[in-house]
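Following are the structures in question.
You will see chain A twice below: alongside chain B first, and alongside chain C after that.
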Partner chain A sequence: MLLSIVSSGIGIGALYGLVALGYFLFFQATTAINFAIGAIVMFAGMALAVVSKDMGQAWMIAMLIAVALAILLAWISEAAILRPILARSSDEFGAVVAIVALMFVIEQLAGVIFGRRPIQGKQLFDAIYFVGDGIIESRFVWNLAISLIVFAVVVAWLRYGRYGRMLRAAGDNEAAARVLGLPIRRIKFAAVFATGAVCAVAGVLYASQAPLNFHSHLAFAIAGFIAFVIGGTGSAWAPLVGGILLGLIEALTIWFLGGGARDYMLLLLVLVVFSVRPEGIFTVRVRT
Partner chain B sequence: MFQIRNKTILAAAVSALTSLIGIGAAYAAGAPKGDPVVIGVIEDRSGSATFYSQESVKAIKLFAESINKGEVAYMGGTAGSDAGIQGRPIELIFEDDENNANLTVVKSRRLIERGADILFFLSGSGATMQGRVVCAEQKILCIAPTNVSSRLVSPPNNEYIFTMAPISEISGSAYIDAWKKLGFKRIAVISDSSPTSRVVRDAYKKTWEAAGFETVADEMMEIGSTDANSQVMRVRGQNPDVVFDSFASAAESAAMYKSLQRFGVKAQRWAQNNLTATPKIWELAGNAVDGTLVVDPIGPGNPNTDAVKAIYEKTHGKDTFVWLHAVVWDGLMLVKTAAKSAKSLEGTALRDAVEKITAFPSAFGQKGNTLNFARGVHNGTSEKGLVIVQFKNQKPSVLWDVYQPTK
Partner chain C sequence: MNTTQTHQQRLARALRTESLLGLLGTLAFVIFVGGQVYRQDLGILVIVYALLALGMYLPLALGGRLSLAYNAYFAIGAYSVAITGQQGGALLWLAPILGVGLSMLTAAILAIVTRKLSGFHLAVATMLFGIVVHTWLIHSGNWAGGPEGIGGIPRLFLFGWELGRTELIAVGALLVWVIATAIVHYRTSFFGVALRAQRETVPAAQACGVPIVSLRIISLALGAGIASIAGMLLALMNQFILPESFGIKVVFLVLFMPILGGMFTPWGSVLGALIVVFFTLGFDFFEGPGVLTFGILALIILLVFPQGVLGGLAALRQRFKKPGVAKGGSLT
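And now, the complex of A and B:
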């Protein structure tokens, strides 16, 4: 039985990790927390479901549209919302308010475009494996496998890719990067592009295993943010560790204490992280 | 060429004019006249009750149009066969409360400011609980046709509000009678984290616990969760006789049915009637929903239901009619009936008129079901307003052959 709970926690946690990776990449590019990440994930998932099921298009075409829309929304949140606000004032409060407003704009846009009813894409992974008295669902195995691949690609890009390495440099110190002549705008675009793509993968995975509606984004935004906070910003793997830890804590809390205790436990977890280790599990190491 | 073109235009104009005169003549025969009767509608266009609220909105728009045309089906004898209400056209105005109880009060006042004579609440029960305060304060007739919480029609602030669908205590009683028949004792309930789901869960739970049933598990699924695996495993561990679905949100409800199926939970599945009101759940849950039993306001065999269903499905297509639509029809017909005898749209006069209505033929319930508002209760139904249906082939298509409510 515990195996079912643990596999469920890891499988869902891997999805939280992907959402948290969206936060991480956007943060690397802008040093801002983009609370619209959950809405972008939802929008991509709903787009996939509507295009592939309601409009009858091939799944691959639907996925490409979902990816394009997620990248567009991520780009809008940086180029059309964040950049102009931060250009006028260094006060980050205005930027956060604008991002939250964008989150609700995306929510209502999804309601208008895709409808205000729940929709689900094609069920991609529905096999169940019986192990002892428990079960392991194949979707959880795929969630973990796909998340590991996405994280590996992102880590490799940040470590070896031209723009990835420049992003790390600019993320550490944007002013110094400007002085060195790094193409900041193109670096940010690359990071935002990657953010959108990661959000799209998360949205596609969500939509292929559960119904989504235009309210689903809040759960994604909160879970992704908590996973991002737990993991920290010290490593590109941090969001995955944060996500899986969160998924496990969530599943085990519900199992041992009931569904009503979930919110209290998450709140407690965030309070503990903020008070004991606000920088998260992985921290940036600086040579002295 | 110029002449030909002029002749064509002239012919078209004459034809259009003739058509208009023709239509006008036909419409004038029974058309409602005078100032409109303004019905203010609280709807949810963007909150968690959007899906079923908008189903109800579709019904009120269509049925108001039908009544304005004098299409009253079987209700002519009770509500009058004249078009509109008191011979005046119905005009609908809307406000979106986002199923947010704080907004419902503001939006209800706004509807009254905009000239509403009567209010219809088509949002969640939790929101209507707050909105009914405005009804009592402004002394305006309010109808919440789709809300099932009995707290809505209980004091305080219940003086001007009426509900149509069987309240949760009556449905609860029907569930209890059925479970007693089967010798069940142990109930597990699963709900979602929305306020509406919690209100309904509390009402049902209170009813079955008062009747001596034991709640062996009370699980909640967070809105936005993709499965209810942990909750379902806790439920399975308690080995209940019944798993009761008290969900208000379609996506989470469907995910819960899939979890129940995956983990092979053997207990009989029963659901409150949000399941029958939301065909989207049936589609999303697939065959995981089959076998589930629901105490539902509509079922096969009631000619009144069939008559209203025919009106609805003529516009919205086959297999689209659910109980929400039937009770919205009844709500409008209740207003039409009360306005006929009150000869006024003043709130207290309408309220008093409704409180005298007995033997009101409803569009829901068993064949011959009538509503009685003269018992001092602002919900006129009894267990005859309910049938027990079972899901087969992803539809609530079968009347349960073990037991039907009889009180």
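And now, the complex of A and C:
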């Protein structure tokens, strides 16, 4: 019994980690929290489900369309919305409201384009493993595996890739990067590209495992944000750690206290973490 | 001549003008709504949203603290009317005390607990609180009606006079005017200036002896009280309440109202409420696309006209004014 709970916690937590990675990459580029990422994940997932099921296209094509849409939305949120507002004033309230407006627009767009019924993509992984007297659903294993691969790719890109390293520089101190002559616009585009791709992967996985409707995005956005905060910004693996931790806490809470306790747990967790350790587990330590 | 008036006199005159214009607008609104049922349904929504927006405006525009827990205060007001209204309404007079008091207390506690947070962290923490309250109401079982809500709320009797739908609209509109005017005066009062000072720069305000945390808590509590009045009006008007009216989506809608209307005056929140209701509900043939249009409109206004509608009008007026009369002052 405990095995299936832990495995479900890790499996769902892996998806939270992917969403948190989206926040992380976007944060590196803009130092802003893009709350609309939940909506982008949902949009990509719904697009995949609709294109592959209702329109009968091959799954690969649907996947590419989903990725392209996610990148487009991420790009709009950065270039068309956040950048002008942040340039105008450093008042964070304007950015918050603009992101919420964008979230609204994406949500309504999804409702208009994809309809208001819940949509479920093709179930990709439906095997169930029996281990001892416990059950592990294969989708959780695949979630974790795919997340690990995505994270490994992103970490390698950030450490060795050209734009990855430039993104780290710009993320640390954009003004200094600008002075050094780094191509900030292209770096931001690279970050946005990565964010969109990661969101699309998360969306695809979500779509294959649960019905999505155009209200689902808020749950993703909140869970992803909490995972991001728990993990911290000190390392590119942090979002995954945060996500898995959140998934485990959530699974254990539901098992011990029932499904209704989830929201209360989230609130309590948020209040505790934000007050006690808002910088998260992994922080960048600078010698002063 | 403007130069011979003191700043105080000019300020007093501006406040009077604003209050008068607001009163005229309110009267026009009440007359326009009149007795038609459909217009009354929209009218009460405008009033309810205007009050919610005013409740959000006070701590946000003046204090700089974004709290997204307004659906909770909205619900507290509505449920206080619904619950005290059972058994024929004998206890209905308790509702304002209960509703306003409880929501102010809740807001104060939430403000204290989140006092170290800011930006998105504060937004998410307060949003989660609002979600928790909403979830709790749905699962509340017998005493709060559960998912079916509470029905059979009687009408309020004021000095033997029944407050029917038309009367409620008039009373509600009057309340909007009173609260908006109060905020306008509060803004330039001693406490209002202190509140705005700590929004601009905390260290300087602290150096002047401004009690930052207390002011923030008080402004959030006041805002919550205003929001609970909105809930009470809704419950009295419809005579039933459903927990799904108090979800977090309401907060997101209300968030746009001060922005769209203009952040430098509480009347911007009222105008914003009008605009939002118009777009989301007043447009008969735009149902889903109505909200989408509204969202895109909000984005455009945020990007192109950050001063909102009233701000745009004020800027236009400045253009046509005589040169040499400079009116300073911050955006809010």
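Here, the second predicted complex is superposed on the first by the 286 of 288 C-alpha atoms of A that agree within 3 Å, B and C clash if a C-alpha of one lies under 4 Å from a C-alpha of the other, contacts with A are read in each partner's own complex, and residues count from 1 in each chain.
One rule holds in what follows: a contact is a pair of C-beta atoms (placed from the backbone, for glycine too) under 8 Å apart; a residue touches a chain by one contact, two chains touch by 3 or more.
Remember, it's a predicted structure, so these values are computed and weren't measured experimentally.
Superposition of the two structures on chain A leads chain B and chain C into a clash. In the superposition on chain A, no contact is made by A:T195 with either chain B or chain C. In the superposition on chain A, A:Q120 makes contact with chain B only, not with chain C. In the superposed model, A:E92 makes contact with chain C only, not with chain B. In the superposition on chain A, contact is made by A:Y206 with chain B only, not with chain C.
By the document's definition of touching, both partners, chain B and chain C, reach A:L218. In the superposition on chain A, A:F274 contacts chain C only, with no contact to chain B. Touch criterion not met for A:S235: it reaches neither chain B nor chain C.
Contacts of A:I226 after superposition: chain C is touched, whereas chain B is not reached.
When the two complexes are overlaid on their common chain A, residue A:G259 makes contact with chain B while staying clear of chain C. Taking the listed stretches 4-12, 40-48, 76-84 or 94-102 of chain C in turn, the superposition on chain A shows a clash with chain B for 40-48 alone.
The interface of chain A with chain B overlaps its interface with chain C at residues 108, 111, 116, 218, 260, 263. Residues 33, 35, 80-81, 84-85, 88, 92-94, 96-98, 100-102, 104-105, 108-109, 111-112, 116, 218, 222, 225-226, 229, 260, 263-264, 266-267, 270-271, 274-275, 278 of chain A are the ones that touch chain C when the two sit in their complex.
Within the complex formed with chain A, the chain B residues making contact are 45-46, 48, 50-51, 54, 218-231, 233-234, 237, 249-251, 254-255, 262-263, 280, 284. Residues 60, 64, 66, 113-114, 116-121, 123-125, 127-129, 131-132, 135, 139, 248, 252, 255-256, 259, 288-289, 291-292, 295-296, 298-299, 302-303, 306 of chain C are the ones that touch chain A when the two sit in their complex.
Those residues of chain A that touch chain B in the complex are listed here as 1, 4-5, 8, 12, 15, 108, 111, 116-118, 120, 128, 135, 137, 206, 209-213, 215-216, 218-220, 251-252, 254-255, 258-260, 262-263.
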